[in-house]
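Multiple structures are listed underneath, in structure tokens.
The following pair of complexes shares a single chain, chain A, combined with chain B in the former and chain C in the latter.
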Partner chain A sequence: MNLTLKIWRQPDASSAGAMHTYQLADVSEDMSFLEMLDVLNEQLNAEGEEPIAFDSDCREGICGACGLMINGDAHGPEVTTTCQLHMRSFKDGETITIEPWRSEGFPVVKDLIVDRSAFDRIIQQGGYVSVNTGSAPEAHSVPVPKEDADRAFNVATCIGCGACVAACPNGSASLFMGAKITHLGLLPQGQPERDERVVNMVAQHDFEGFGGCTNIGACTAACPKEIPLDVISQLNKDLRTAIRHGH
Partner chain B sequence: MKNARAARTTIALKLGMAVSGFIFIGFVLAHMYGNLKAFAGHDAFNDYAHHLRQIGEPMLPHEGVLWILRVGLIVSLVVHVYCAVVLWRRASHARGTKYVTKKNTGASRSSLTMRWGGLTILVFLVWHLLNFTIGKINPQGGATNDPYNLLVDTFDVWWLTLIYLVAMVALGLHLNHGVWSAAQTLGWTGNAAKRVRAKRLALALALIVSVGFSLVPLGVLAGIITK
Partner chain C sequence: MSHDTVMTADHDDAAGYYTPGSPLVDTKAPDAPIAERWETRKFEARLVNPANRRKLNVIIVGTGLAGASAAATMGEAGYHVKTFCYQDSPRRAHSIAAQGGINAAKNYKEDGDSVHRLFYDTVKGGDYRSRESNVYRLAEVSTNIIDQCVAQGVPFAREYGGLLDNRSFGGVQVSRTFYARGQTGQQLLIGAYQALERQIAAGTVAMYSRHEMLELVVADGKARGIIARDMVTGEIQTHLADVVVLASGGYGNVFYLSTNAMGSNVTAAWRAHRKGAYMANPCYTQIHPTCIPVTGTHQSKLTLMSESLRNDGRIWVPKNQADCDKDPRDIPEEDRDYYLERIYPAFGNLVPRDIASRAAKYQCDDGRGVGPEVDGVRRGVYLDFADAIERLGRDAVENKYGNLFDMYARITGEDPYAVPMRIYPAVHYVMGGLWVDYDLQSTIPGLFVTGEANFSDHGANRLGASALMQGLADGYFVLPHTIRDYLADGPFEPIAEDHPAVVEARASVEGRIEHFLTVNGERSVDSYHRELGNIMWEYCGMERTEDGLKKAIDLIRSLKDDFYRNVKVLGSAETLNQSLEKAGRVADFFELGELMCIDALNRRESCGGHFRGESQTEDGEALRHDDEFAYVSAWEWAGEDAAPVLHKEDLVYSAIEMKQRSYK
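Let's turn to the complex of A and B:
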């Protein structure tokens, strides 16, 4: 298949960027989206042009490193990560627009790469449980109902790719925070720090410049791990409870 | 990080919007009930309007309850608009650079019209108060101290009816997303079944309110409500 690619090029964080148009011929529909970009980069290399910088790591949909705005959808038209998106999802002759995540909290580093360390700082504010080191305790000493364990696991699948922020018209990271709040809030180990966790994580979220949630639902539609909107309800509930507890 | 206080977060602003929003819902339902009295005729409608001012008398002064409600509504309006403006500005900053191409996959139409729709309702509110409460403007030049006649005279003018109906569409859209969003903000929608229920409730309330209010001008238009 032959494609017209409109791609955001920006030399570095402090320079202005612009959309550039490239033609790419003979793209196999079995290629992943990132492989298609690899082929484009080989072509650019051969032409003596600077290759396009984009993030990727595991290329098997579990690390969250890759993330591109493809034709207006975070990670493109399928519910998966960009690396697991294949060219068969596109038509021959199609024009594909590729942009970096756009968020105050995710500044562009170069071309399609953004700095997502704001997510790390949010996690550092409470996305953990404090446990004493030493030998591991007997697992059965703290029972967790199966239903809670399953739900905690489902929301713990968040890979922190940032698609929720990228898709959200408000640029909010509520789905990301909600996933962690729900995950730890369901487990006994998460209880002692529950109030501080939600207050500190949300305060950091706001400080990083992310927007407020208006429950539009674009985040959950874009999430490659299909984290449901329930987690934002849980996030709000935990924050409300923290206010009641005087935090 | 700074200001790690729960009450200073964006979620606290959303809680302010949710609670004030629910107060408005209580108000519009009561208001709609009063409006529908127009179908019972001139005297029933005017008696209802008159009785509203007498609630609580002689324990409370004339219009006492009405003023308590008005103060509550004004406070709610200030909270609702203040939070909306702060969150709107935040959202604009949060996406300083816009996308060249952006789809809003998964977003409902009403969820994307909350801000401009809300502004439409606010403008309508000012007009509406001038028309019926503060200014009592009778476009036909008739009596303004008779609520029923003022209503009929107003909706006998096609463009006033149109403004009103457009505002009711805006209100319906606002409630369709707002009710569900408020439920979610208050943390009442912690699983898929509760979410579906909240969305159905939102749709039902949006339809009841927008259709209920629209019945009165449509009744005038159809000649059911006449002087």
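Let's turn to the complex of A and C:
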């Protein structure tokens, strides 16, 4: 198939960016979306134009490095990551608009690459269990009901891609944060620090410039790992409990 | 099929390609019965008192399982740690992609597992080409890993009673693999990442994301720092320390197409190699039997389908070439060849990876492959779940493998619940890596190497679910103990930024960058990488021969030459520049690829993942030659145009008897 691509180009964080239009011919439907961009980059390189910068690493939908706004949708039209999106989801002759994540919390670094280090800083504020290496008890000393373990796993599959933020009109990272709060909150190991965790992570979230949640649900619709919206209810509940406990 | 050729000492295929060097020995493993070596070493390794730890600076390159676990643990112990990764966050290291699981000798299933059995299975699986002291220790600490991860909140799969579930994994007959659906690597890495972030918040660890190590600083005979490029601003930085740890992962991307992440590279290890760290067994590559087949030249990487699928899926090809393009569901049972079950009745679909991979290649070479033709050959075999779905029900299959099935459907556009999957082998893991002693220290004092980047534990072939085990064993439980013996002599004399070793290292980095940006030739970096990969896959892949390897060396040399004269890298050094990053990595892959071929040429035997066409039994099985090749090949860099020097470390087994492997 033949495509018209409108792509955001921006030399670096401090320069202005603009949309550029490119034509790409002979795209195979078996290509992944990023392989299509690889082919475009080969073409640009041959023509003497600097290739378009975009993040990707695993290209298996698990590392969370990739992430583009494709025709206004985070990760494009399917419920998956950009690297797992394939060209069979597009039609011959189509015009595709490609932009970076847009959010105050994620400044653009170059072209389609953004800075998501705010997510790491949110985790630093309590997204862990404080247990030093070597001090762990025998693994079977604390059984965990299968139901809780399964649900903890499901929400722990968040890949930290940031699509939830990009999709949210408020630029909120509540889904990302709620996933971690819920994961650790469901396990016995996560209980001792439960109150502090939620209070400190929420404070960092707000400090980073992410917006508040108004229950729109665009995040969960865009999430490639289908993290459910009720993790945000859990987040709010944990926050209320922590406040009641005097935090 | 050629038959086993008897080798004599004067018949050295690699003669002329290398210089023989002095023997190498590991002096760190205590001379004690195998089960007491680790306790003894931990006791003998000197301690660093807590007040001194704060004065000691540790650089760790890599934040995968091996790096993040080490950084967190060293931070907790109170050392001053700096850690580096090329991704935008440590959470994205390639370890995240591991699917199937992690082994540990917990014996929760009471099926006869033990530390000794895990040790035995690992040495046997590695085809008696690993160092037994290291492997025994790995099996010993494996149980601590599970305890640690559970305490961190890693959501492993559990049974209804709330206890941890296990499954059996390729090549072994006990159930000792712990897993988190098909995303075990992700969950383990997130556990280690969270422990790391906790230390970053505590101020013990400083994290440098989007920073690539491009050179090692070796001053006065010791590793004392690295030169890194800030990948956003292009700034070349000098980071100095008392000790450097490389946890930079594997180099499978020398084959261009592999299951590794796009950025996985050999640069950190290779730069250390050029500074004096020996490279051990570089030719030992693991080719994974269950990957999604290639669809065309645009292919940028290959996707692994976890080998846990082989527990319930059955592998077959049509008996008749005429059936190869039929709908597999229309091929009756009697016209299917379940070739692994036929040839290896005892292990069936669970034979080790190298056997399963080669068997698939032979079926396809024989014209019985399935799926689309690429370059005139159908390269694919079926992995069929119809029986499993009938036996266990669709829900049970979905519960176990749901995310893998979804991934397959997404990539191929086919529904694996209805139509058998198609799979083909792909490069997956490298057993080779920088040589380390029992302490995980390389031949450069003060340079330690952990995880896939070292060669230590898997011999010529790695068992499934053992890389995660090794990465975490190294990082949480081994390195923090062994490194203190080295650091007990520190802090070392500070070195200045104008020390000749620093100046030289920086100049070398700047010179290379300058070169790539000014060649202004005709071809893209990727086009060279793809061509190099094709050479490696063709001649240094599943089957290697003397003629093929010699041809490959010539091809690599001339391609490398062309690369330096004709590559085209646009953009500047002062901004984020992905072509420039790739150019540096591909340049190092050329040199590594050549050494891999020389290593494969020298090892005229078949062992584990290394199969020499000249060394096979009458029925085409790999044939080892313990009398001549029971050694680790440790290669020393001898300079740009000089032949590498081969040092041999003899493998001595005291706790296990060497046997010719048989899975029949």
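For the reader, a short list of remarks on this structure follows.
We take it that the second predicted complex is superposed on the first by the 244 of 247 C-alpha atoms of A that agree within 3 Å, B and C clash if a C-alpha of one lies under 4 Å from a C-alpha of the other, contacts with A are read in each partner's own complex, and residues count from 1 in each chain.
We adopt the following convention: contacts are C-beta pairs under 8 Å (C-beta built on N, C-alpha and C of every residue); 3 or more make two chains touch, one makes a residue touch a chain.
Predicted model only: the values in this text are computed from it and were never measured.
After overlaying the two complexes on the shared chain, residue contacts for A:187 are found with chain C alone; chain B is out of touch.
Once chain A of one complex is fitted onto chain A of the other, the partner contacts of A:75 are absent, as it touches neither chain B nor chain C. In the superposition on chain A, A:138 makes contact with chain C only, not with chain B. When the shared chain is aligned, chain B comes close enough to touch A:169, but chain C does not. After superposition on the shared chain, chain A has more residues touched by C, the comparison being chain B against chain C. Looking at the shared chain after the overlay, A:232 reaches chain B, while chain C stays out of its contact range. In the overlay built on the shared chain, the residue A:199 is in contact with chain B alone; chain C does not reach it. When the two structures are aligned on the shared chain, A:214 is found in touch with chain B, with no touch to chain C. When the shared chain is aligned, chain C comes close enough to touch A:113, but chain B does not. Once the two complexes are overlaid on chain A, the chain A residues touched by chain B in the first and by chain C in the second are 125.
The residues of chain A lying in touch with chain C in their complex are 11-12, 28, 30-32, 34-36, 38-39, 42, 45-46, 48-51, 53, 55-65, 78, 80, 84, 86, 88, 109-110, 113, 115-117, 119-120, 123-125, 127-140, 142-146, 149-150, 152-153, 156-157, 159-160, 183-184, 187, 189-190. By the touch criterion stated above, chain A contacts chain B in their complex at residues 6, 8, 19, 69, 71-73, 97, 99, 102-105, 121, 125, 167, 169-172, 198-200, 202-207, 209-222, 228-230, 232-240, 242-243, 247. By the touch criterion stated above, chain C contacts chain A in their complex at residues 69, 72-73, 76, 87-94, 96-97, 106, 108, 144, 146-148, 150-153, 155-164, 180-181, 183, 185-187, 190, 193-195, 197-198, 200-201, 207, 209, 232, 261-263, 295-296, 298-301, 303-304, 407, 410-411, 413, 476-477, 480, 524, 526-527, 568, 570-571, 575-579. Residues 1-15, 87, 90-91, 93-108, 111-112, 114, 177, 180-181, 184-192, 194-195 of chain B are the ones that touch chain A when the two sit in their complex.
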